[in-house]
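First the structure, then my questions, so here it is.
Chain IDs A, B, C and D follow the sequence of writing; residue 1 opens each chain.
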Amino acid sequence: MNFWIRISDLDRRWIYLLMAVAIILPFFVNITIPIRISPPTQALYTYIDTLSPDSGPILISFDYDPSTQGELTPMAIALLRHAFSKNLHVITMSLYPTGIGIAENITSDIAKEYNKIEGRDYVVMPYAPGYQAVILSIGEDIKNTFATDYYGNRTDTLSCLNGVKNFEQIPIAISISGSSTPYAWITYGYTKYGEKIGVGTTAVSATSYYPYLRTKQVAGMLGGLKGAAEYETLIRKFYHTKGRSMATIGMNSQSMAHIIMIILIILGNISYFAIRKQNKRSA
Amino acid sequence: MKRRLPLIIVMLTGIGMIIQYFIPHPVSKAIYKQSIDWVIIISAFYLVLGVGGIFIINYQKIKRRKEGWWLSIITLSALIITALIGIFGGIDNKSVFMDIFMYIQLPMQAAMFSLLAFYIASAAFRSFRARTPEATVLLITATIVMLGRVPIGSLIYRGLPGITEWILSTVSLAAQRGILLGVGLGSIATSMKIILGIERSYLGGGE
Amino acid sequence: MSTNIWIWIAALLTLAIYSFLYKDNIVYKIAEYLLVGVSIGYSIAITWYNVVIAKMVVPIRDQHNFLIIIPILIGMFMFARFSKKHGWLSKIPISFVIGWGAGVAIPLQFETSIVEHVKNTIAIPWFGGNILLLVNAIIIFIGVIATLIYFYFSTPHKGVIGKVANLGIWYIMIAFGASFGYTVMARISLFIDRAQFLLHDWLGLIH
Amino acid sequence: MRYYKLILYLIFFSFVFLLGIPHLYGDATIRAFDTPNDDGSSITVKWNYTGTGDTFELFRKTVSDTNWQKLKTLPLSKHSYVDDNTVRGVQYQYGIRIKTDTILSEMVISKPVSAKAQFFDTGKTLILVLILGYFAILIYFIGAAKKGKSLFIRKIAGLDALDEAVGRATEMGKPILFIPGISSMSDIATIAAVNILGPVAKKVAEYGTDLLVPNKDPIVASVTQEVVKESYLEAGRPDLFNPNKIWFVTDSQFAYAAAVQGIMVRERPATILLLGYFYAESLLLAETGNSTGAIQIAGTDAVDQLPFFITSCDYTIMGEELYAAGAYLSKEPTLLSSIKAQDYGKIAIFATLLLGLILGLLKSNWLINILTVR
């Protein structure tokens, strides 16, 4: 019975190693754990899927900084792939000065996958200060908010923005954020201009948007890595997108890690009871 | 005077800020905005003090060749270099300062933060043992919620995400609300004691 | 494999932090002292721009807001702590900061952590027609009272009070379990992110 | 008799007045007034209209102006508008027209009005009442405590362990590590932590043990330094006080955690006290401390972090117990008085909850309306 005592006092480094393996292994081994699509993800997907190239550009705002990149970047990538697969025009921007670099990197990377050209198929906007002011100003005239794009081209010369004045020509604005910026989009974009708002947020913040989904103030939401993985599943299924499905891989790691943790907890408890029984017997 | 003046200042600023809350007049709003800046400015002086302390401690370590004195050289030079590059080289997105932040500070902070993935597992393994009924409840809820959040959970049992959601929005919410109500009452009472000059430990004990 | 020197630095520093999981070692120590130094240097530079320039120099020089001199003077009093005779002056800045904090907190605490929670707890949908929502609201109501009773200090936990307080403990344990399980996912995704950085951005082992 | 006539006149003239409005689509009235409880930056316009039409057109002019300026086109479902683009003190008049695609009605015009700033926000009366009431209870108990009335407080788990933990460190000749949270000084949890630090430092000084206090906030660092110095003085051992052992580490959360983690494994403290406000680093600190085999006592009012302390520490002081602990240890009766006030606050909350329950069953929204702070 010495075994149980050893399990019970297992050196924590073994646990660390187990966790590391559980998380890293799925990167290399192809496991498919079926992913069930949750209603908020489905809602966002369906809305974007009904759009056509003449519905006007969709707007994706990268309202996050490097600290929440892990959870949020896969969402941005999945949304961009969906839009580019459908030949929709895209405007990307950020309400954060530190988010603008991320927006530019990711948008241009994904655009390359689809041979999309800046100015014609998509636009990256530069940083403009103030959340409220920026959103309100897009509601009036986006070319006034951003006189030039990120690369310094005048926005009124870009064919992608032909006939686009304000929210009326932008069918949806999606805020990807680990903080409270989606609230600003809801308050100023939806309430004031009736713009459809989509939200991509971290797993921890996701629950706070449920009331807004219920009242339809938010058209759809991706919550955490799971939400991103669901979206990736949808676009893989219907558009056969290639490229790394970061979140799906991450989700496999996530599932593996949770399973390992639960096995550890069960082992811990078995050893606890075994040792107790042993002690009772010896007493 | 020496003992009284700090307490009088506490009382005046405290009551002033309470009154300000009730006055929508622009003068009151302006005072509030200005006061935030004042607090930020005053706090900045403490950073000077703190950094001064760091210099003294590390300098002494180096001077006396204490164990690990050369590590102090790393801290001090990193501090000085980063600060100088920031102040003289600018802090915008394309500056060297931002590179230092993005590729030195941020990765290490993120790595520190991510150690939690390991620690949370080891903490759960060690302490989630059904020793008492209360501990058992804790361990069962934790397990349900843990499973309810990943795709594999709904493969085991379809209803798990729903149960998770339900626990979080009822029982869990109730307990948190109860704790927060108590914390609210307690911290208001402490704030009031501060304004009344009864609570003055922040002045550094006794007198 | 990455050819960007910054990525290499970031990756090696990340590994240095992870080496602590095995045991404390010289590489971790170097990373730790470097991180401390860089992070203070970062704060100094940020404070320089956001406080010294934006809140002191600009208001005085460009906006002629000479009121800003007051908090600067108050902040300077802090250095009096090095003087035996005028040491008491150093308590003035802290008094201002603490009094301000207490005054701002009192009404806000009442509004956000007391009134709002009480209101949400009594808003029970008795006649909404949805039994599930009603039951949930009642579970919350009972939980709030039980948890709050646990934190009642004026009577020992005996008799009826003891029983209700015990129920409170159960609520609290479920909440803690749920919140632990809920956090697991977020913590693990932190390491997933770092692992992807190391394996993809740095080593290019996964695509 | 004269009043009777006056009323008749009034009725007569109001008829004439009403007839004077062109009845294109129905009757409209408009009212503009200073928005209550604001800083004097807006005017609220409300109108009533029953009749047909497509949209409202809202106009504005200053009294001295002759030209109307169109403010906004609003749907027929709207009956109010807050004009937040006004200059305080200037007199404005508002007018509204009802529009169909072919016709525009006559304008209905409001009385002149100007935006004023208020000196008391009546929407917040409830908060004022609560503050004053709570103040009164607190002052009553402070008075009682000063008169020497003994105030019963139940035992707080983890507090007794504190003495033991300090004692253990002295026996083993190892240092005690005190972490006052990572929040600022205006956080009440930090103040409670500082309150506990005083007595702990005194005991440490009496036994001649080492005390380490790394800080994440420079203000907290300067306060903890003062507190410990004072305690050593009170214990009669100012010679043992070393200001370098109570220091500011860095103000970055995870850099601080990295440094404290290092201190834990290198200094091997026998006792670790984690008291104050914590964020995600709570488990980093508590797990590392746990791995060194130290006795750990944690206390925080950060609800989100409590589960992690419970799993990794030997004793956990939860929520407001932390404030009580500080008062309890300091043995200052006036400090204890606030715990009594808190308990009365709880009784008031119970009463409100029960009243709300009963009123809810009676289908009354009265209490909920009162509790709505605008």
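Convention: a residue touches a chain if its C-beta (ideal position, glycine included) is under 8 Å from a C-beta of that chain, and two chains touch if they have at least 3 such contacts.
Being a predicted model, the structure only gives us computed values, none of them experimental.
Enquirer: If each hop has to land on a touching chain, what is the smallest number of hops from chain A to chain D?
Expert: Counted as steps through touching chains, the separation is 2.
Enquirer: Among the chains here, which has the CA centroid at the largest distance from chain C's centroid?
Expert: Relative to chain C, the chain whose C-alpha centre sits farthest away is A.
Enquirer: If you average the C-alpha positions per chain, which one ends up nearest the average over all of them?
Expert: If one averages C-alpha positions chain by chain, the most central is C.
Enquirer: Averaging only over C-alpha atoms, locate the centres of chain A and chain B and give their separation in whole Å.
Expert: So the centre of chain A lies 26 Å away from the centre of chain B.
Enquirer: If you average the CA atoms of chain B and of chain C, how many Å lie between those two points?
Expert: Chain centroid spacing, chain B to chain C, equals 3 Å.
Enquirer: Starting from the mean Cα coordinates of chain B and chain D, work out the distance between those two points in Å.
Expert: 17
Enquirer: Just the number, please: Cα centre separation of chain A and chain C in whole Å.
Expert: About 24 Å separates the centre of chain A from that of chain C.
Enquirer: If I count partner chains per residue in chain D, which residues reach a count of at least 2?
Expert: In chain D, the residues touching two or more other chains are 124, 127, 131, 184-185, 188, 219, 222-223, 249, 251-252, 254-255, 258, 303, 306-308, 310-311, 318-320, 324, 339, 342, 346, 349.
Enquirer: Do you know which chain A residues sit against two or more other chains?
Expert: Within chain A, residues 12, 16, 19-20, 23, 203, 226, 254, 257-258, 261 contact more than one other chain.
Enquirer: Where in chain B do residues touch two or more of the other chains?
Expert: 18, 21-22, 43, 46-47, 49, 51, 54, 102, 105-106, 108-110, 112-113, 115-118, 120, 122, 124, 126, 128, 138-139, 143, 146, 149-150, 168-169, 176, 179-183, 185, 187-188, 191-192, 194, 202-204
Enquirer: If every chain is a node and each touching pair gets an edge, what shape is that graph: line, ring, star, complete or other?
Expert: Drawn as a graph, the chains match no named shape, so other.
Enquirer: Would you tell me which residues of chain A are touching chain B in their complex?
Expert: 10, 12, 15-16, 18-20, 23, 33-36, 38, 66-67, 97-98, 100-101, 203, 207, 226, 229, 251, 254-255, 257-262, 264-265, 267-269, 272-273
Enquirer: Which positions of chain C touch chain A when the two form their complex?
Expert: Per the stated touch rule, the residues are 21-22, 182-186, 188-196, 199-200, 205-207.
Enquirer: Quick one: which bits of chain D touch chain C in the complex? Just the residue numbers, please.
Expert: 124, 126-127, 130-131, 152-156, 184-188, 219, 222-223, 249-252, 254-255, 258-259, 261-262, 265-266, 303-304, 306-308, 310-311, 318-321, 324, 339-340, 342-343, 346, 349-350, 352-353, 356-357, 359-361, 363, 367-368, 371-373
Enquirer: Along chain C, where are the residues that touch chain B in the complex?
Expert: So the residues of chain C in touch with chain B come to 6-7, 9-11, 13-14, 16-18, 20-21, 29-31, 33-49, 51-52, 55-56, 59, 67-68, 70-72, 74-76, 78-79, 88, 91-110, 113-114, 117-118, 120-121, 136, 139-148, 150-151, 168-185, 187-188, 190-191, 193-194, 197.
Enquirer: Show which residues of chain B lie in contact with chain D when the two form their complex.
Expert: Spelled out, the residues of chain B in touch with chain D are 18, 21-29, 43, 46-47, 49-51, 53-54, 56-57, 60, 105, 108-109, 112-113, 115-116, 119-120, 122-124, 126-128, 138, 176, 179-183, 185-194, 196, 198-199, 201-206.
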